[in-house]
Amino acid sequence: MIFKSMGKNSTLLAVFALITALILASTDRLTEDRIAQSERLAAQKALFEIIPLDLHNNDLLLDIHAIPEKYWNMLGLKSGGDVHIARLDGLPVAAIIPSVTPKGYSGDIAMIVGVNFDGSVAGVRVVEHKETPGLGDKVDLRKSDWILGFNGKSLKNPEPNAWNVKKEQGEFDQFTGATITPRAVVHQIAKTLEYFNQDKQRLLNELSSAYNQLSGTDQSFSEQQVQ
Amino acid sequence: MSNVSISEVTKNGLWTNNPALVQLLGLCPLLAVTGTVVNALGLGLATMMVLIGSNIIVSLIRHHVSDAVRLPVFVIIIATFVTCAELIMKAFTYELYQILGIFIPLIVTNCAILGRAEAFASKQSVGMAALDGFMMGLGFLMVLVCLGAVRELLGQGTLLADMQLLFGPIANSWTLRPFGEGYSFLIAILPPGAFLVMGFLMAIKNAIDWQIKLKAEAHKPAPIKGAKRIRTTGHIS
Amino acid sequence: MRQTWVTPGGVHPPENKLQSLTQPIGSLPIPDKLVVPLGQHIGAPAIACVSVGDKVLKGQKIADPAGTVSAAIHAPTSGIISAIESRPVAHSSGMDALCVEITSDGDDKWIEKSGISDFEHTSAKALLSIITEAGIAGMGGAGFPTAVKLNPGFQRPIDTLIINATECEPYITADDSLIRERAEEIIEGIGILSHILGNPHNILIGIEDNKPEAIEALAPHTQDTGINVVSFPTKYPSGGEKQLIYILTGKELPSGQIPADIGMVCVNIGTTHAIKRAVVDGEPLVSRVTTMTGEACEINRNYDVLIGTPVEHMLEHNNFDAQSCSRVIMGGPMMGFSLTSKQIPIVKTTNCILAPSVEEIPHNEPAQPCIRCGMCAEACPVSLLPQQLLWYSQAEDHERLEAHNLFDCIECGACSYVCPSNIPLVQHYRSSKSDIKKAQEEKVKSTQARERFEFRQQRIELAEKEREAKRAARREAAQQAQASTGTDAMADIIAAAQARAAAKTTSPEQELAKLQRAVSSAEMRVEKAQVKLDAALENAEPTEKINILSAALSGAQQKLEKAKVRFAEHPN
Amino acid sequence: MQEVAVILVSSVLINNYVLVQFLGLCPFMGVSKKLESAIGMSAATTFVLTLTAMVSYVIDRAVLIPLDLEYLRTISFIMVIAAVVQFTKMFIEKTSPLLYRVLGVFLPLITTNCAVLGVALQNAAKPLSFAHASLYGFGAGAGFSLVLILFSAMRERLAAADIPQPFEGAAIAMITAGLMSLAFMGFGGLV
Amino acid sequence: MAFKQVSSPHAHGAQNTAKVMQLVVWATIPGLIALTWHFGWGSFINVILASITAVVSEALILKMRRRPVGFYLGDYSAVVTAVLLGLALPPLCPWWVVVVGTLFSVVIAKQLFGGLGYNPFNPAMVGYVVVLISFPIEMTTWVAPLALLPDGITHPDFLESLKLVFFSTSPMDGVTGATPLDSFKHAAGLTVDQIYQQDSLFSQAMFAGVGWEWVNLGFLVGGIVLLGSRVFTWHGPVAMLVTLALMSLIFWDSGSSQSPGSPLMHLFSGASMMGAFFILTDPVSSAVSNRGRLIYGALIGILVYIIRAWGNYPDAVAFAILLANFTAPFIDNYTLPRTYGHTDRRKATERLEDK
Amino acid sequence: MLDFVIQQPIIAALVALSGLGILFGALLGFAAEKFKIEGDPVIDQIDQLLPQTQCGQCGFPGCRPYAQSIADGDEINKCPPGGQSTINSIASLLDVPAPELDQEHGQEEEVKSVAFIREDECIGCTKCIQACPVDAILGAAKLMHTVIADECTGCDLCVEPCPVDCIDMLPLDVGIKQWQWPSPPLPNGLIASDKTYISLNHEDAA
């Protein structure tokens, strides 16, 4: 009796599962490409915002270079990360660097910083934070465009010691009622620029070797060239 | 149970037996994704589709499944629809999909759906089942959108923000700001706000029902008292 | 100095005892009519053994105890039994109960008294029967028949006798003045108690330290008697039996048990005095000391009052001012109950009549919501959580109430006394207690009803089955018979059955008579219904009721119609 | 050890499944009128949650990921849940009729508890070890139990409150839950 | 009138709810004075504004619920709620913060649950947390204590303050600053000694934080007065303060840069004393038995410390109290006192059949 | 084989899902057979709560059949003798909202009543004996009948069959023993708008 019931129910469920699987698998096949495309678009979105498509034409998601361990601390990375390189016709335009500050009001603030190869900021986006809603969360572009104020700044403009909030005689606005969050972000961006200065040469070398391999030329990117 | 009228099914789904306000089912998505109208609408539509689909299929196969596996079969049917909905949303409204996140697969466990399959669709004709699915879904959707609208309006002072996630670029300019820029009352969009606004919606429904009842009572003829009595001790010779 | 223990909680209301202690115990003129209730004690009311018109002497028994837990009642003065009927009695309900009314002849003539001088040589049993016959019931409050209490029977031996002279209620001084004036008699009474109980090791008189004169008065008589007079700090409600036991011995009376279960007996000082009078002087309980006090009375003092004296009589003699009085209380301000009528008589348990002015005890303020401040819990002498009890009592959650030990509440009122929101907590508890008891009774009753119903159904089913079996057997027999004898026999059987059936049906005359009866009874019903309806209409009763009645009427009319039709249809 | 504590604290308090993540609200609202049933529901849910977290982890890692079938997670997990619930019911019924009397009625309800599927899905999305996945399951159950039991004690208290008529019943329960989740916001930022 | 049926007891003590509530209001005065002295007229204005809002809104709701308005307003509980909320809000915060907070307190946290005596959560704290979460900018802008204002600057006078409260659109500059707990929390990398030397909030203080120590002392005095007049028992406050001190002692970490601060600082900063004596003692929303109140108080002490030390909020009294309110009915079920004549404490959930 | 499966996503899906289906189907089939549902204990619990008057006002022949029907989903507001308190306790048992008593089944009586047979009018027809659901009537054919008041549930089923109408339903009287303190009015029961007014009123009522 038990076995009969087991058999019957199993068959029933199996038949259903089969039909279901068929439907699902076909839906999956049908939507697969579209999903892949959407996923890519979404992943690129933040990157694209920093370096728009008309400034580069390589695949940002693929052009990645690991960050050497000695810089992890500087960038606040716990388990490493990759720099994305944007190129226009093979020539590097900017680097997109992940960076985390632990000094947010409520812990880590993670961002990506786009740095042009001339050392100026191409754009910054906060990708993850736990700051107080309505207070510290204005670093998020969705809440305020404060973060756009970094575009074009570099370590020479303003001077390194002016990389601070106005309250502490810096160049950048703080938010009303919140100093800690913007200060942390400003400091971290400065640090990221500093990292870029230090690591730029290595990156360029790596890039040129890759470029040469691909294009069969023998070219070394130098700072001047990129600019 | 076998013959119910269309108007009854409609009224049930939208008001008297509203899955969210009365049956208190599907509360998780109801409260979790109603920060804005667009989220609410997205999830509501997905739920409605699943509800209609599963009701139809359940009604179609109602004579062919044994009791032992009835529930698992229903669950599988629902899960199939949900997965399809998930895949489709992922393909066409990816950002919304990301915002709604885990709550799309969780439509499976929205008891309202299983409940309808079990209580209604498995006993009714396909047409009725479809209608019931639609009405219940609509009832759920209405509450979701109401909640979303109230929370969005109170919380960030906007209405119909980000509608482009669902309707594409034409919706870019739909956002309304009745209170002007800079308004915010965060609690409404944070978790506590969801519960509070929902509580008020329920209270409003209760108050309306109460009024209706008072009116109805005023018109109803007095019942004949004791009319339904029978003898327990049978025939007395 | 003996050690005493301290109970939790308790309150210190203003004592107000001095007013009534300025004068010695007095006596009142005998009222014209005395009303003696038959139920003055816990247990079954006594059964009157006199009839209207009988002449009785003072101390003559007028009612016999009904069963073991009951007490006899005696005529408080000589006179004529003028009525045995329901009258308002001393009870919180203000309801009526059976009373014997005696019209006094003014002579106050005693029956012949026969006391025992050497009780030490009398058996406990004989003494107990004297106490029973004297109608003594606890005078400390509950009115439990004392002889029953003193006869723990084969239970545990009693090793502690506690005499309750606490008198913790404000205003009351009946026990205090009794001790001051009759200490010797009291000690003699204690001797009798001790003898009955087999000379317990400890004999303790518990008394609050606000009665130094009484303690003084007891001192000379207790020397070398082994009787300990223990005084302890004044606090309400130290006089509660359970509290007193703890204060004096440090032991707690387990919930649901009586003192005898832990080898103790607790008796009020007034009861002790009454026992002495009964045993030594042969006087049954016909009077008691009662305090008359409160600002609405000009004179405040203690009286030796005859049982059955209407309160009105007492009030009049003390120049009662009804205008300034906020309520008349029998008992103290904490546990006494308010009287709904002046006619209510003094009974064996009446230790005080309190007629406070409105300034002394104002009218009750309306209750505010409970703010859970916990003052009540601080005051509760048995460590309950009154605020939770209130909460669950409002929610009618009987289970929680019992889990919160509602039934351990002694209704002392300390919680209501301190409650800043003026909540009548005790009334809530009383009401809930009765509700729970009622629910339990109903539960028992409904279980019985279910059993009886099921039993009946089984019985009917069984009978049905038997009949079925018989029928089957008969059918079988018939078939067999048919098989053997053919159709003839069958026809016989059928014919016989028809004949039986014909015999069973009633004759036409009978039938007619029955129908006639039915018609006339239906007519009667219609008439009755009509009368009721008319009465209701006349009294302008609520429409609801009228609706019901008119429905009943139309029902009856229909029935009548039916009966008439049937009657008309009958062939004759 | 510290990791265990962190996972537990975060799933019980900080990211409480009911009040912060909004999962499992239907039983939270539906089975909280009486403390007794809340305790039964809590025990049953915690057990099922832990067990499904384990089984679905295994199925995910052993079948779905190797076969590249992540899109079948929802359907396979819900099947796991249905089966585990049935199995639990059967098992308890056989081994402990007493326990069954307490928990039996709640078990079927768990199938449609979002928290159960939610935990399975969340675990699948994170790189976790088996032990941590089970711990997350247990933590979710414990968090659910905590608030459910406290909430039902509170609702029992509300039974005697003088609540305005339109708010009686579910509406005031919602508002109470709202104030509870307000209180839980205090845990933000811990860990 | 003299003959009627009334349940005993007939006598009644002197206490009455309105008097108790009034006493609580008076007892906040030392704290209010300290606040006004150190932080200007803001708190005073808050208290007045909140009281008016509370009374008006309570009256309206009572009217809507068809209850006797005069009778219920006469219990003064709305005023207590408003006063405590007003004291908790930052001085000189915009008027609408006060009004919204008070409305949430009185309407949602109190009247929706049935009014006085029925609210499971502390109304004042609900109002406070709602505005804290909703208007973080306004709620985190504290006026700097008088002693730390630069020379020549004082707090605005009363009229100026009124103007600020009702008409200012942006928080005033110059007179604002962090609170000690906030500044301690974000002095990352400094040891306690360094903080005490560098931060004028501490360096100029006597034992905790400038101004705040006096405010806390003020509430301590008021609390002791209430304790003395038996408005509440010692169990709750003492349990909270002792656990808070114990926790800070255990995690004191000898003043390293990781240390969350000394017991003295925790006891005399933020809302510690006000919380201990005025807020957790709210009888309505706390546990009822003495043992329950010990547990309840201790729970608050622990939660306050945890959130202060490791959470998002520099002061945590409001959250801790709401969380503890949430557990109170449960605590009540398992902390019944042992009744006379029983050997065991019973549980409220004990069922009759189980016996 | 495995490789093949992995290579073909659709086949993989088919295999995986039907595998699960078979597994769980077997499990559930096993459970379904092994553990069939037994009697419903809830009927007993409901029956316990009903007043057992056995009067049939609910439209069922006795309390238990009604309990059965409730367990099957019937309305819980059909028992007038139990009244609102019974409705409430059933509602709390079943965790549903408590409706008001359905007037069509009758009304809740304030005071319970018992049947009383005016014995001198009784003709001994035994009809009331047959009518009584709880055997509370004593008597034999042609002899006088009496009701055992203690066992009478007050169902009044015996009244109608009596051919000479000699049975009355008398309200059980409330003596001093049955009296109980009424529950005090709740503070929220006040409807006046002024404190002094209330206190005066309160006194008058008392």
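Chains: A, B, C, D, E and F, in written order; residue numbering restarts at 1 for each.
By definition in this document, a contact is a pair of C-beta atoms (placed from the backbone, for glycine too) under 8 Å apart; a residue touches a chain by one contact, two chains touch by 3 or more.
Computed from a predicted structure; not experimentally measured.
Colleague: Centre-to-centre on C-alpha atoms, which chain is most distant from chain C?
Modeller: In terms of C-alpha centroids, the chain at the greatest distance from chain C is A.
Colleague: Need the most distant chain from chain F, centre defined as the mean of C-alpha atoms.
Modeller: Of all the other chains, the one whose centre lies farthest from chain F is A.
Colleague: List the centre-to-centre spacing of chain B and chain C in whole Å, with centres computed as mean CA coordinates.
Modeller: Roughly 60 Å, centre to centre.
Colleague: Mind checking the centre-to-centre distance between chain C and chain E? Centres are C-alpha means, answer in whole Å.
Modeller: About 51 Å separates the centre of chain C from that of chain E.
Colleague: Per the centroid of Cα atoms for each chain, what is the distance between chain D and chain E, given in Å?
Modeller: Their C-alpha centroids are separated by 33 Å.
Colleague: So how far apart, in whole Å, are chain A and chain F when each is placed at the average of its C-alpha atoms?
Modeller: For chain A versus chain F, the centre distance works out to 68 Å.
Colleague: Considering chain D alone, which of its residues make contact with at least two other chains?
Modeller: 71-72, 75, 79, 82-83, 157, 162, 167, 169, 172, 175, 179, 182, 184-185, 188-189
Colleague: Send over the residues of chain F in touch with two or more other chains.
Modeller: If we look for residues of chain F contacting two or more partner chains, we find 9, 13, 16-17, 20-21, 23-25, 28-29, 31-32, 34, 54, 62, 107, 133, 181, 184, 186, 188, 190, 195, 198, 203, 206.
Colleague: Multi-chain contacts only, two chains or more: what residues does chain B have there?
Modeller: 68-69, 72, 76, 79-80, 83, 87, 184, 186-187, 190, 192, 196, 222, 224-225
Colleague: Enumerate the contact residues on chain D facing chain E in the complex.
Modeller: Per the stated touch rule, the residues are 35-36, 149-150, 153-154, 156-158, 161-164, 167, 172, 175-176, 179-180, 182-191.
Colleague: Given the complex with chain C, which residues does chain D contribute to the contact?
Modeller: Residues 157, 159-160, 162.
Colleague: Can you name the residues of chain F that touch chain C in the complex?
Modeller: Where chain F meets chain C, its residues are 47, 50-54, 62-64, 85, 107, 133-136, 151, 153, 163-165, 175-176, 179-188, 190, 195, 198-199, 202-203, 206.
Colleague: Could you list, by residue number, the parts of chain C that touch chain D in their complex?
Modeller: 369, 391-392, 394-395, 397
Colleague: Contact residues on chain E for chain D in the complex?
Modeller: 65, 108-109, 111-115, 118, 120-121, 126, 129-130, 133, 303, 306-307, 310-313, 316, 318-320, 322-323, 325-327, 329-330, 332-333, 349
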